[in-house]
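One structure is given below, represented as structure tokens, and several questions about it will come after.
All chains are identified by letter, namely A, B, C and D, in their written order; residue positions are counted from 1 within each chain.
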Amino acid sequence: MDYQFVINSLYDKVSNEPLQGAVANYIPELAKVNPKYFGVALTLTDNTAFAIGNADIKFSIQSIAKVFSLALAYSLIGDEIWQRVNVEPSGTSFNSLVQLEADLGLPRNPFVNGGALVICDILMCQLEDAKSQLLTFIRNLSDNPLIEYSPNIAASEKTNGFRNIALCNFIKSFGNIKNHPNDVLDLYFDLCSIEMSCSELSKSFLFLANNGCKTTDGLKILNYSQTKRINAIMQTCGFYDESGEFTFKVGLPGKSGVGGGIVAIHPNLYSIVTWSPLLNEKGNSVKGIHFLEQFTTETQYSIF
Amino acid sequence: MDYQFVINSLYDKVSNEPLQGAVANYIPELAKVNPKYFGVALTLTDNTAFAIGNADIKFSIQSIAKVFSLALAYSLIGDEIWQRVNVEPSGTSFNSLVQLEADLGLPRNPFVNGGALVICDILMCQLEDAKSQLLTFIRNLSDNPLIEYSPNIAASEKTNGFRNIALCNFIKSFGNIKNHPNDVLDLYFDLCSIEMSCSELSKSFLFLANNGCKTTDGLKILNYSQTKRINAIMQTCGFYDESGEFTFKVGLPGKSGVGGGIVAIHPNLYSIVTWSPLLNEKGNSVKGIHFLEQFTTETQYSIF
Amino acid sequence: MDYQFVINSLYDKVSNEPLQGAVANYIPELAKVNPKYFGVALTLTDNTAFAIGNADIKFSIQSIAKVFSLALAYSLIGDEIWQRVNVEPSGTSFNSLVQLEADLGLPRNPFVNGGALVICDILMCQLEDAKSQLLTFIRNLSDNPLIEYSPNIAASEKTNGFRNIALCNFIKSFGNIKNHPNDVLDLYFDLCSIEMSCSELSKSFLFLANNGCKTTDGLKILNYSQTKRINAIMQTCGFYDESGEFTFKVGLPGKSGVGGGIVAIHPNLYSIVTWSPLLNEKGNSVKGIHFLEQFTTETQYSIF
Amino acid sequence: MDYQFVINSLYDKVSNEPLQGAVANYIPELAKVNPKYFGVALTLTDNTAFAIGNADIKFSIQSIAKVFSLALAYSLIGDEIWQRVNVEPSGTSFNSLVQLEADLGLPRNPFVNGGALVICDILMCQLEDAKSQLLTFIRNLSDNPLIEYSPNIAASEKTNGFRNIALCNFIKSFGNIKNHPNDVLDLYFDLCSIEMSCSELSKSFLFLANNGCKTTDGLKILNYSQTKRINAIMQTCGFYDESGEFTFKVGLPGKSGVGGGIVAIHPNLYSIVTWSPLLNEKGNSVKGIHFLEQFTTETQYSIF
């Protein structure tokens, strides 16, 4: 398979599609990004890497970071984690409080905002300095000590994050947050503020295509079963209320963020990342989904 | 891989687990089945077949039949089908009317009851005699002219199916049923009444593991993309409100029925069917899920 | 108080307001009514009657008839009735299935469609020929043997009433309908098809302003406590999802119908009926509410 | 009518009923109250006052205070207030976030917690020092300069009020809170912490039975129409999800609090207050409702 050729030709094709969708604008830091940016990075499990476009510009990875926090928490407490968060798709908006009320404070999955808040709470209970240890974990995954939180974005999220403040206090009212909601929210906003490029993200997600082991140094992050399970959750819950559509069109487990990034995993083969900040109404990158849909069709590499 | 050995040893293990769960009892015909029945059938894409236990006793396949009606409707009208039914997991009970109200009569996916009713409606618009042509389609898939609807079960469902009557009329009130609700319900109840054995089911689902073509005569039922999409929908929506859990534990696309059957597909490899009538509270076969969970762990054959 | 003067002057004023709203059009029989009709009838508990405009033209009383069926059922089985239907406002649309699902088939109150269906079911269990005995009851209340069901309207409702068919079968699925849903629906559609004029309605509702006794012959229909309770339910639930607004603006217990009629009761004083077919988006008559709001302000006759 | 006799005999009767229900225990300050306390106070619009039992012991009036804040806000900005809060019964729990999500941050009425928070926000926008001016308003209504907030209760509510913090931030996320949520919550917790006795409450609510004017000095608090409207809202929304039941049983507009107090108004006649800390599962005082139900039956003083 000539991956570089496939990527290049699809990139040309999707680049030339008219711009559709809108940049996330609920905080100024996201709103000011250039809507024309478009990058793709692919890394095979043998560490061969391919990239095109703006693959080396850092962007706000936002909800994609929830996979990192989940992986770290899962590695720390194992299947006990499922006492605190469910694994079912939500069927409603990612920041809906309705379902939480029906489910008595048990978030539907670790990728809805409520679930990610509970994961942050778990990290705070398990780690002495969750903020720095989580960053260390991500730097280690990507073999890159320069990855950072963005204090500006985190601060801006805090100032505007009334819905998330509501979610966290709501879950606390059911007893499923152990630390003070304000502290959990701080970690959550930091987590979502991480900035990485397509290439960096692709590299750092590769362990999920490699049975839980890093491909560069063989370090075991998660065991086989845990890895399979995180991929399964990405498959059913990774794209907000568009997870079925993504599974249907692309056929790979993945995770998106409102910064316009998408990560997708083909178990045993590769990790691929796209970035284009223009989002559809469900909050997922228009060009990213177009690209990935054609990529799996072209390569016949859907898992289904 | 010595499949027969794996199947035999897992069958022994799961057979000896204490009986848990309850037989579906909303109609007498289902309630009277022997709860100790347990069968497994596996068919590889090269037509090698393996079976153990009560793999040749016919049982009521119930909702598993919704995959047949979906495949036939999809083959008839192509992607137009998605104007009438969505592809998202429901996040609520399979016969919930709540979500239909919020979604203005567009069922969340083809496997919730409302979605299957819409599919039946489509078949009635496309076919002169939907009931007999649907049966012919299924007989053809299984190379078995003896497969039949069960008039007793269909009649019993009709007498007790107030929730389904409600669903069908509710969707009709939104305009998303074209035929008379009573006629659509008749076809739906017939569809769910089909009786097949594990071995028959496993054979008839094999085209979904073979890119849409029958393995016995090469007949193309669906194209590559359509096949991939049905598998994707089974992955996200095949197990009612336990789809995430099944994806998480078993890691294969599949479909269950309240008769206690479960079908699972490993693309390009096999189709496997289990049958044990004792259901958990979500309506899925307890032993079936146990068996499949261990089968994919043992064979490391999850798609994730 | 010179009632005729108050009525005349308010009638002139509201008549001259520009036409707003829309005639109910879900069945042709309702859609073809003249939108300019406007009538008012007031009857005091001493039987003095006042009327103006189209007060003697018969119209489809629709949901107003639900007060008749409730009164009859209440007189037959007393407080046992509240085992089958609740007395709380619904907070959602009058034909919503959502709340019924949450409440396991117990309708929120006797005036939402589900509640009225349960009341019809009770009448069928209590009466040999519910259809004719219910009509006799209403004729007796109004001292008028000419009141009739409209077969045309009932037939049209049956043909188009998919939502109500859904509701009735849904409640049946929870066990809170004892007769066959089709039979209950027949009675329900007949009930809603009754045609009466403002003057006839005003007379027939007067017992609710007179502690449960007819004012013409003293016949006791309900006891004091039962009468008070029906008035209380009209206060909190009589106007679909606009009950609070009506209580707030008009301050009297009442009931509206999609035919454009409104009945309101001032305990111990009078029964007043307005009719104008143009409805607001909540399904209540625009001119009727305007008229009654000014009537209670002008006469300072709110109960609050 | 010999009110003292009626009150005494009903008090004896209800006092002797076995204790049922439970004291509110979500904060320690409420949990430690003596469950046997039971007091009643009645004040006629001519200022004649009747009392029995623990009518002069101060208790935490909790949600009853929401009528004070509503009256003050209504007097300040008039009908503009209904742009910010609706007047419909909620049909769901008093602190539900579900309905707020469906209604895009517009609380269903001023007495659900969300509505009371919006009223506090309005007061903060209108008044220089809302906390002290609100207290002055209440002291004036009761002609009693000794009425106070309870700093202990307010502090305890703040520490445990995660659900209310969630509500306030949730409404803020829709833009229907103008001040900082933390400041609005401070005022809200202070408001609910007010302590008054039955006699004090009865006196201070009497203006609502007197067309908006205080009975002691004739001071006009609200106009006729505004008074009628607050009474109407108390009728439809004063008792959480039991408002229909209370209207049905007692037939008077009223308001309850989880401290065990209930205020009810008979327009033009009287204001009556009961206090017994044992609550039913809907959060309303068991003995209070029993007493009032029999009081209006005995005196035939229901408004219906």
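Simple rule for what comes next: a residue touches a chain if its C-beta (ideal position, glycine included) is under 8 Å from a C-beta of that chain, and two chains touch if they have at least 3 such contacts.
Quantities reported herein were computed from a predicted structural model and do not represent experimental measurements.
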Contact-graph distance - origin chain B, target chain C: 1
Copies chain C and chain D touch via same or different residues, half shared test: same
Longest centre-to-centre distance from chain B, chain (CA-based): D
Intercentroid distance (Cα basis), chain D paired with chain A, Å: 47
Rounded Å distance, chain C centre to chain D centre (Cα mean): 32
Separation of chain B from chain D, taking each centre as the mean of its C-alpha atoms, in whole Å: 55
Interchain contacts, given as pairs of chains that touch: A-B, A-D, B-C, C-D
List of chain B residues in touch with chain C within their complex: 96-98, 101-102, 162-163, 165-170, 172-173, 181
Of chain D, residues touching chain C in the complex: 86-92, 99, 108-109, 224-225, 227-229, 231-233, 235-237, 241-245, 247-248, 251, 253, 267, 297, 300, 302-304
